[in-house]
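Going in written order, the chains are labelled A, B, C, D, E and F, and every chain counts its residues from 1.
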Amino acid sequence: MASQPIELDHIVRSLSASGVCHRNQGMPPMPSVPVLEDVVEKLRSVLYPGYFGHVDIAPPHLPYYIGATLEEIYRSLVEQIRRGFCFFCPNDANGPCQECEARSQDMAAQFIESLPEIRDMLATDVQAAYEGDPAATNPGEAIFCYPSIKAVTNYRIAHALHSLGVHLIPRIITELAHSQTGIDIHPGAEIGQRFFIDHGTGTVIGETCRIGDNVRLYQGVTLGAKSFPKDESGKLIKGIARHPIVEDNVIIYSGATILGRVTIGREAIIGGNVWVTEDVAPRSKVIQPLDHG
Amino acid sequence: MASQPIELDHIVRSLSASGVCHRNQGMPPMPSVPVLEDVVEKLRSVLYPGYFGHVDIAPPHLPYYIGATLEEIYRSLVEQIRRGFCFFCPNDANGPCQECEARSQDMAAQFIESLPEIRDMLATDVQAAYEGDPAATNPGEAIFCYPSIKAVTNYRIAHALHSLGVHLIPRIITELAHSQTGIDIHPGAEIGQRFFIDHGTGTVIGETCRIGDNVRLYQGVTLGAKSFPKDESGKLIKGIARHPIVEDNVIIYSGATILGRVTIGREAIIGGNVWVTEDVAPRSKVIQPLDHG
Amino acid sequence: MASQPIELDHIVRSLSASGVCHRNQGMPPMPSVPVLEDVVEKLRSVLYPGYFGHVDIAPPHLPYYIGATLEEIYRSLVEQIRRGFCFFCPNDANGPCQECEARSQDMAAQFIESLPEIRDMLATDVQAAYEGDPAATNPGEAIFCYPSIKAVTNYRIAHALHSLGVHLIPRIITELAHSQTGIDIHPGAEIGQRFFIDHGTGTVIGETCRIGDNVRLYQGVTLGAKSFPKDESGKLIKGIARHPIVEDNVIIYSGATILGRVTIGREAIIGGNVWVTEDVAPRSKVIQPLDHG
Amino acid sequence: MASQPIELDHIVRSLSASGVCHRNQGMPPMPSVPVLEDVVEKLRSVLYPGYFGHVDIAPPHLPYYIGATLEEIYRSLVEQIRRGFCFFCPNDANGPCQECEARSQDMAAQFIESLPEIRDMLATDVQAAYEGDPAATNPGEAIFCYPSIKAVTNYRIAHALHSLGVHLIPRIITELAHSQTGIDIHPGAEIGQRFFIDHGTGTVIGETCRIGDNVRLYQGVTLGAKSFPKDESGKLIKGIARHPIVEDNVIIYSGATILGRVTIGREAIIGGNVWVTEDVAPRSKVIQPLDHG
Amino acid sequence: MASQPIELDHIVRSLSASGVCHRNQGMPPMPSVPVLEDVVEKLRSVLYPGYFGHVDIAPPHLPYYIGATLEEIYRSLVEQIRRGFCFFCPNDANGPCQECEARSQDMAAQFIESLPEIRDMLATDVQAAYEGDPAATNPGEAIFCYPSIKAVTNYRIAHALHSLGVHLIPRIITELAHSQTGIDIHPGAEIGQRFFIDHGTGTVIGETCRIGDNVRLYQGVTLGAKSFPKDESGKLIKGIARHPIVEDNVIIYSGATILGRVTIGREAIIGGNVWVTEDVAPRSKVIQPLDHG
Amino acid sequence: MASQPIELDHIVRSLSASGVCHRNQGMPPMPSVPVLEDVVEKLRSVLYPGYFGHVDIAPPHLPYYIGATLEEIYRSLVEQIRRGFCFFCPNDANGPCQECEARSQDMAAQFIESLPEIRDMLATDVQAAYEGDPAATNPGEAIFCYPSIKAVTNYRIAHALHSLGVHLIPRIITELAHSQTGIDIHPGAEIGQRFFIDHGTGTVIGETCRIGDNVRLYQGVTLGAKSFPKDESGKLIKGIARHPIVEDNVIIYSGATILGRVTIGREAIIGGNVWVTEDVAPRSKVIQPLDHG
């Protein structure tokens, strides 16, 4: 039995009408999530050669491969960064303005320039993952299959772009990792060397967090905001420091929630499932009371 | 060295034998998860024109695009809804029965009819996401990259189908969002306007929840059941109200667990990581005690 | 405006230089994650015939389909298992050594041999999912769309491979499920029959856990390690028993954290969000104290 | 500069209006050319095992593979044959009638039954290709890369379907080969064993040709019709014998054109580029006169 | 045994050096053949609704589909036409100039405007194919699977673009058909109504041909140029009329070659394989002499 | 109505039985046609930079791209050449022998080494195509869309591999072009500089042809063998010189057939559709007589 045609005209009219959910279609296109996924995969292949991408390239030919891949990354990024700017730029209704175009090229070039530095940071994270997990047998295993390394790689890429002033793209890149790993790190957070998140699902690190070196987190940890000050007109004030500062060598166990601009002092240990809204002294321990019913 | 062929016959016989994990292959095919993913992507493109799908369509041509897309959605949905019915229908062993076929067309048509209403609800959710997150710079940013909007969009689609009596398909649609965002909303839950889940990973909203307007949740929140009453034969009684009622303007922080048919009164605030199994009075606050060891 | 070419040579040189993140490209290729995804999908089609893969095969022809699929699984697995060995084997710099090759064929064959047993275990898990969830209307619904079944299927496959001594591949297979469901089960864990995890996002089960029959977990449960003993040189001692033993019929509610080689006695109930680091007596209940502020 | 939207409404109206080029969209769908391409590729894999499809299957497992592939071929063919009938059937406006359905299953089953016989004919064609081409080094080379074998395989498949009374599908299958090889054999032609077409581009064999055993053609040969008798109303009379009969052991060189229901006697040789519209005696030779200007 | 790396540097240097085969990479990109293939498929779906594209759209919804498809065709064509201009435009080294951009939009719009007329011409070609081929059972069969209709459709599209002054794109569109059907019609040729080429492989119709109404050709027919006048510097003079004029109702049989600006008078019949370089009187017949050796 | 299962066992048994059409599945896999298509596309991108492949690479980055592409071509070719040898090698039943492996690497390396020379030859062919076709407006147009350049490029690649002694692969590469263009050039033929085939469909150039510089052919030209000498046992003698020698500056018009080891003297012109089996003197003209009936 063939389906009966249904009456669509009034639904079409209703859905075509402008509103909150509606973007002016004359504008330049949105950034492309699949293209950005591909850019991140290509970045992984030049940051971890031999693990991702064309993995069996002979060492003398590696520079060709890395050069060609960087060229592709650069061109894709210029385009995507530009789309990110256009999304917010009032001058771009009929195509990208000169300034958006120029800034995109400039920022993509600066980002490419910073890749060796990003790679060096990631090398410390890999080392930390290997040393911190008794189940790991090899640093390469961490590179190849640990969600922490995937999420932290996306974060360090996104953070570099965010620091250059790129719009929207950094957030898309960290959301890609969030979707795949359950680890949600805002690109604005600052994170030191040797960072490791074990298991990681449900861990959240807010926009204005500052995390020192050698910090280890577990799954379900929240480093969040406590309150959201509003201006006199009742609107949220955006961008003020409202997330925790976590100093060097801190460990935070699974499910712990730390809210507000508090400082977790160096070498402190935060136990699982606790709720912290005040400063924690260096080298101290916070744990949850138990009630065996 | 070529692999040796292995002896397969006895394994084949064993795995071909009928059992719990075995479906009668003469039956009509299961719903297709990739087709449903595509249907949801198409729905996103007509609910948020300019953000998803063919994003650079000139406004005068938008109705063509929306009409053609609705036509495709309708035909795919009729087929998938029918498969969902066949999965449970005792009369469908040799192909869909007349009744399954007729109900599928009818329900798909009613669903299409409800799209403007769904879109209007989602517009309030987008507004809430933008206003509730200090890191958001633009409502469009929430539409384009917030997991909450993705999960709530899938939920509102699935809930509309569930309310019409569609089987299996609503659950598949919310599981798609669950897998991508870590947010698990049962299609049976009732949720008011301006709903927002920040970060969201690990949040669970059970089948018989009733949530008011303007509610905000964080990651890792559970709105679950406390006990599962069984009938005299020891089997679970399915479908009875067993999840919380959350009234208007409530905020529930990360990791909180609320179990059973309790009521969280309007404007109450539930702190992070707490465990609630009783009613909470309107405008009250529940927080977790700390033990700085 | 065309993009300006950027100067790449010094970046190429820097990224081509060897280091922590760098794998010797002369080595045999890494295992292929997409191939392993395909192997797991094919396994699903022979473990749950009629639900996945070619779902409308007539019963008399099912053995052909299962035989052909097992053949493909076997050949892919031999190759992937071999790559897993090569990743660690010092003799494989110029291609797989004889021993790696022989072990791969042997282990893949033994794994295929164990499939009926794996299927029988999974049948008990499906039954548990159906009986344990008041929202489930049919065991087939659990097979087709429950994240728990997806994660436990991957785990039981990975555990069988891990028990045979396969390297790296088991971890990749459980990480595939982790990424899709948020459920992180280490392939080394031992888990009895009738196992069910409701919702599941954020649940973590560590490498040396031993879980009895008929255990039910919820989302956000951690069965983790408390401390990581180091050897005299300060390195972690790998592989010692450090995760909980959970006996038969235990229920652990959402967000609970159980750390260390403690025993949760049979029929115990662990409430949501609690933190347990000591043994829990059989049939006892552990819950979290509340503070209605 | 963004493109200006153009006025489409009047073009849409014009193109939506019914006419010669317009098919009634309420009818069942057309056969699918990509599905038929896939069916032919699968047939190639069971007719020439080891050359096409999964080429590295161990011999003891081959029956699984062939069985599973035949099952898939059968189901696809039933559907496509049915669509071919619906295309012409006046009763199928609202879905396939019972008779179309029943005939499709019956014909697909008979076709599968005839595959060993088709394979045996093709084995003689392969032998002829190898023996007839001084550049061939191996019968397998002919199977794997000769256009003649590709075109003749499609023809023998199509001819078997045509002989069973299948509509439209046979023609689509020979057109697939025509497009890839330039060899155009009508499915209605009758062709004996050991048939070979060297190079083949531009060769045409008409609907009512009858070709004996051991015939060899070259590129650009036409076995066509001379005139097209019309009935009293001036319409072409369809289906009458109007193409050549070519007896055993004939060779026809490149570019020769033979038109009408003439007989080329056994062992005759037709030279290149000649034009023949009358019978040619057995064992005779026809060649073109030259004019060296 | 792993492959030895080979020395590539000198080959890379040599191939990177500029020369005849080398295009200045700073220029705008070449037209995209896959995009143009897609445009042609979309055009087929609006010229022959119900045969190609989404074939099961209910008639009341057809305008949505046609409108959305025209919108997509328009935007793709603007881009591809622009690339075609840039390929030749000396001002486009740094992106398309204003004039190239404006002409592209204008020509794409005019082309869309001409589609109903193209469709009407094609309807006469379909009728001619059905009436002219005794093996055809239905005009729809010709639309769906005759190479002539495929090639003539591409030609009529390409000719319309060529007449508007579009560069390069028309040739790519006729070459697509040439590759699939072996029929090579230059987009510059002028061809009247009711045009049919039976079988068609190897037929060539040159740039300046003028063909009347109701002409029928067979495979391997050449309507070509005889000589190529050169200018005083010895270069070919491009674009002068040098191919045959074929008047109404002419039939030209397979393999005939007609060269130069000759006129084949109305209702003439040209036999197979003949070579014609002079005018042929109306209603006359040209055939090849035979030599039965 | 669901399809009835058919009885397959006896067909499976019959098709699984060994025979002419059957390859021993224990052997190494056949060469992969899709991989070779990809290799040829990659070769096109390094032979014609800016026209194919990544067309918008900035000139300073071109060497990276060419180097990375050559690396990929080299590795693919080693594998495919090896498979070609294995197809014929009696020692390769259990995987490639040492000699097949070594020769493959050696030949692939020599082929890469010869690419600049191949490119230089092709530059002369491009020039000839541009100068010889009054419809061409630009050498780049010939590179980008002339079938002659596509076919001759594949031929020159295949000929280089054939000359090195590579098996099977060269033939597959010329058949790819044959299928796309209708031009069939045997890889064994020797062809001088500045070679052009206008239109080309149906042109055949045999294995032992020797063609001088600056030769132009048209569509449907055959340079074939006249007879096939057999040895005393009645088998064809393979590999002896049996195709024409065509000297410099010859033009052969469409449909001409030249058979046997005859010599077409320099600057001779062969008219359309003629049949030549004897030597043609330099600077002479051969044309077909006409009969206006």
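We adopt the following convention: a contact is a pair of C-beta atoms (placed from the backbone, for glycine too) under 8 Å apart; a residue touches a chain by one contact, two chains touch by 3 or more.
The structure presented is a predicted model; accordingly, all values stated were derived computationally and were not measured.
A.B. asks: List the interface residue numbers of chain C and of chain F, divide the shared ones by all numbers used, and answer same when the ratio is over half, different when under half.
C.D. replies: same
A.B. asks: Between chain B and chain C, two copies of one chain sequence, what rotation angle (nearest 5 degrees) aligns their Cα atoms?
C.D. replies: 120
A.B. asks: What whole-number Å value describes the gap between the mean CA coordinates of chain B and chain F?
C.D. replies: 57
A.B. asks: Could you grab the centroid distance between chain A and chain C? Build each centroid from C-alpha atoms only and quote it in angstrom.
C.D. replies: Computed value for the inter-centroid distance: 25 Å.
A.B. asks: Based only on mean CA positions, could you tell me how far chain A sits from chain F in angstrom?
C.D. replies: Averaging C-alpha atoms per chain gives centres 51 Å apart.
A.B. asks: Quick check on chain F: which residues sit in contact with 2+ other chains?
C.D. replies: Residue numbers touching two or more other chains: 1, 3-4, 8, 12, 26, 28, 56-59, 61, 63-64, 66-67, 70-71, 75, 182, 201-202, 220, 255, 271, 273-274, 287-289.
A.B. asks: Which of the residues in chain B come into contact with chain E in the complex?
C.D. replies: These residues of chain B touch chain E: 54, 56-58, 61, 63-72, 75.
A.B. asks: Can you list the chain E residues touching chain A in their complex?
C.D. replies: 3-5, 8, 12, 58-61, 64
A.B. asks: What residues of chain B sit close enough to touch chain C in their complex?
C.D. replies: Residue list for chain B touching chain C: 1, 3-4, 6, 8-9, 11-16, 19-30, 87-88, 167-168, 171-172, 175, 178-179, 182, 184, 186, 188, 201-202, 204, 206-207, 220, 222, 224-225, 228, 235-240, 242, 255, 257, 259, 271, 273-276, 280, 284-289.
A.B. asks: Which residues of chain E touch chain D in their complex?
C.D. replies: 46-51, 55-59, 62-63, 66-67, 70-71, 74-75, 78, 98, 101, 105, 108-109, 112-113, 115-116, 119, 122-123, 126-127, 131-141, 143-145, 147, 180-182, 199, 201-202, 218-220, 253-255, 271-274, 287-293
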